[in-house]
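Presented sequentially are two complexes of chain A, the first with chain B as partner and the second with chain C.
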Partner chain A sequence: MELTSPFTLEYAYKRSLGPVLSRFFTALRDGRLEGVRTATGRVLFPPLEYDPDTGEDVGEPVEVGPGGVVTAWTAAPPPGEAWVLVRLDGADTAMLHRFTGDPASLETGLRVTARLAEQRVGFITDIAGFEVEA
Partner chain B sequence: MRPVYVAGFAELPHLLQDNLLDEPEMVQRVTAAALADAGLGRDDVGFTCSGSNDYVMGRPFSFATALDGLGAWPPIRESHVEMDGAWALYEAWVRLQHGDVDVALAYGFGKSSLGSVEAVRTLELDPYSLAPLGIGPLPLAALQARALLDAGLATEADFAAVVERSRRDGNRNHTAPMTEAMSAAHALTLPYISSPLRGHDGPVRTDGAAAIVLSTEPVGPRIAGISHCIDAHQPGFRDLTVSRSIATAAAAAGGTSGVDVVELHVEYSSQEGIVLRALGLDSSVSVSPSGGALVANTPMVAGLCRIGHAANAVRGGAKRALAHATSGPLLQHNLICILEPA
Partner chain C sequence: MSDDPVTRFKAPVRLDYTVTAGSVTADFLREILKGRLVGRRCPDCRCVYLPPRSACPTCGVITTEQIEVGPNGTVTTFSVIRFPFEGQVLEPPYACAHVLVDGTDTPLLHIVGNCDVDDMRMGMRVRAVWAEELKPTLASVRYFEPNGEPDVTYDSFSGHV
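Our next item is the complex of A and B:
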């Protein structure tokens, strides 16, 4: 005999986003991709509250993309998922996201562009994925 | 620093599915075995630290439940890290530096079979920009493997060679599960799961527990150096082909000169070369003679086992053995422990 019971694995609390990420997600909801500039002049995207190299606070927002270049990729055999690391134009770091174009076209160095979701709510999935730049 | 020695080590067999033992029973057996290996009793232990993960075990405060297996009465001095047991050992080592306690016990336990370790790993990612995407650990590792191929630092044949050697060595280690022998040539004919990685490039996930007894008496291999360092969490913020944190931790632990055996916490075959290069070593040293974490990957235990197997290597005649443990995505956080004869 097998006994089963429903169980939901979840955090039982909520956290506010804080000033840096709130700004990022608000801009994303409004259709803008905004990184942040560190004290050393690097542009982090997606933004972080601190410079990972120094621990210093980050500065002003910097608009990046929506185009960028694939720095690494992986694809499962069709119809599986494809993932890319993309360094957006104007950014010094890469973001991870889904690649929603034809996986056969994937190669490192490929020019891609962010495709925004039509209904945006201030979540990372407001970027629906990346596709080959026209 | 106060010298600290590995007095005893024990691990339960890493099973694909352990239907027999619950957490207290695993902890009872493995800590009793490690203390027996050290020739010490429960009452000799001045500090105890454990490593486990509630998400893996599927319930909150599972480490507190597991304490029943220790017989923690009368009350003991005890701590816990939500990390691999290697970091519990690090806390125990720090605690011994205080000078008022002479014996410490570190253990870790975990069961892959209770749920999906893959799903837990996804939830461990940055909750804002990574976890909601739902990428699993193998596609994530595949991005790192791709970066290695693109940089000309590795080939898919290199990944396959690690699999062949790990399975061969693991099948000689009675605590690792038996795996199908896999020649590198055959491995390369199998389909990608997420290119350029194939299914066997990832870990064999297991259930189990391990424990190490540390002592300030010179009764076993001496911890010549131990340190840990962490890189940025975001994969896109780092050069994925190198590990600055491993190199920094190894230097802080005294450097790798003279190391003849390494036990590496490599979860994907593609990562072994990164770890070795960061250590300034190559395959001329004995690499993970236990078969390593690729063939016996018990969550929160695999790193502690590397230290235990490195200690066993010193007991068996190695002059300077290095153990590596890792935590977080793509070798984000790394611990290096160097062991020498007492």
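Our next item is the complex of A and C:
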């Protein structure tokens, strides 16, 4: 006899954001995609609170995108979801997000653009997803 | 939309799934239904694991021998939970403890009840208190409670902390 049981794993986190991510999510809610510039001149998007190479504080915000290029992707079989790593124009790092276009069109190097949600609250889903650039 | 800066957000993580007990865990849970704690022994290093493991993580060999253990044990370490949190089952303050059940070599994380949290001690002797209705879950042991035996020395369980 097989023993099975329903199981729910849940963490009802609330997190405070700190100055760097607060600025990022405030800008995102207001419809702007903002990375940060490091002391060595790289632009991190999404921003990190510290330069991963040096541990130094990061600097001023830099507006990036909304267009970008797919650097890697994965797609579940239809009608599953597709996920992309996107390096936005003006950024040196890539972000992971949903791809809302036709998964069959996915390839590394594909030009995409961020589509913002109409109702934005200051959360990463304020980017509704990425779609193929017109 | 608000004009206030975004300073915090909810980041809930929730996974709903069906867990299937493997044969070793299923055996363990069937013994629970009989009110027995049954671990498994490594044929190589002789360590007894509770909950049982299908293979010894130290030696990498399959455990074969089932062995009834307890119901007494020793608190090797503990933590008193004094604050409430979402999803909490028990009313604070209460004590979580590592209980080294007699006959085993790996402490079991469980609750110590029927004991003032300020009386909790490493080395205190406890026994399993079973629920009235046994179900195939470790929660069928409601908690461990002091069994009246004198405390044991740290040296007697320091190899199992």
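By definition in this document, the second predicted complex is superposed on the first by the 119 of 134 C-alpha atoms of A that agree within 3 Å, B and C clash if a C-alpha of one lies under 4 Å from a C-alpha of the other, contacts with A are read in each partner's own complex, and residues count from 1 in each chain.
Rule of thumb we're sticking to: contacts are C-beta pairs under 8 Å (C-beta built on N, C-alpha and C of every residue); 3 or more make two chains touch, one makes a residue touch a chain.
The model shown is predicted, which means the values in this text are computed figures rather than measured ones.
Applying the stated contact rule after C-alpha superposition, one finds that A:T74 touches chain B and leaves chain C untouched. By the touch criterion defined above, A:M95 lies against chain B but remains apart from chain C after alignment on the C-alpha atoms of chain A.
In the superposition on chain A, A:L17 makes contact with both chain B and chain C.
Of the two partner chains, chain C is the only one that A:G122 touches; chain B does not reach it.
Look at A:L9: by the touch rule set out above, it reaches both chain B and chain C.
Of the two partner chains, neither chain B nor chain C is touched by A:R32. Residue overlap on chain A between the chain B contacts of one complex and the chain C contacts of the other covers 7, 9, 17, 25, 123. Across the complex, chain C meets chain A through its residues 1-2, 5-21, 25-26, 29, 86-87, 136-137. Residues 1-17, 22-23, 25-26, 28-30, 119-123 of chain A touch chain C in their complex.
Chain A contributes residues 7, 9, 17, 21, 25, 44, 46, 48, 52-53, 71-77, 80-81, 83, 85-87, 93-98, 108, 123-125 to its touches with chain B in the complex. Residues of chain B touching chain A in their complex: 55, 58, 115, 123, 128-130, 132-133, 135, 139-140, 142-147, 150, 191-197, 231-237, 240.
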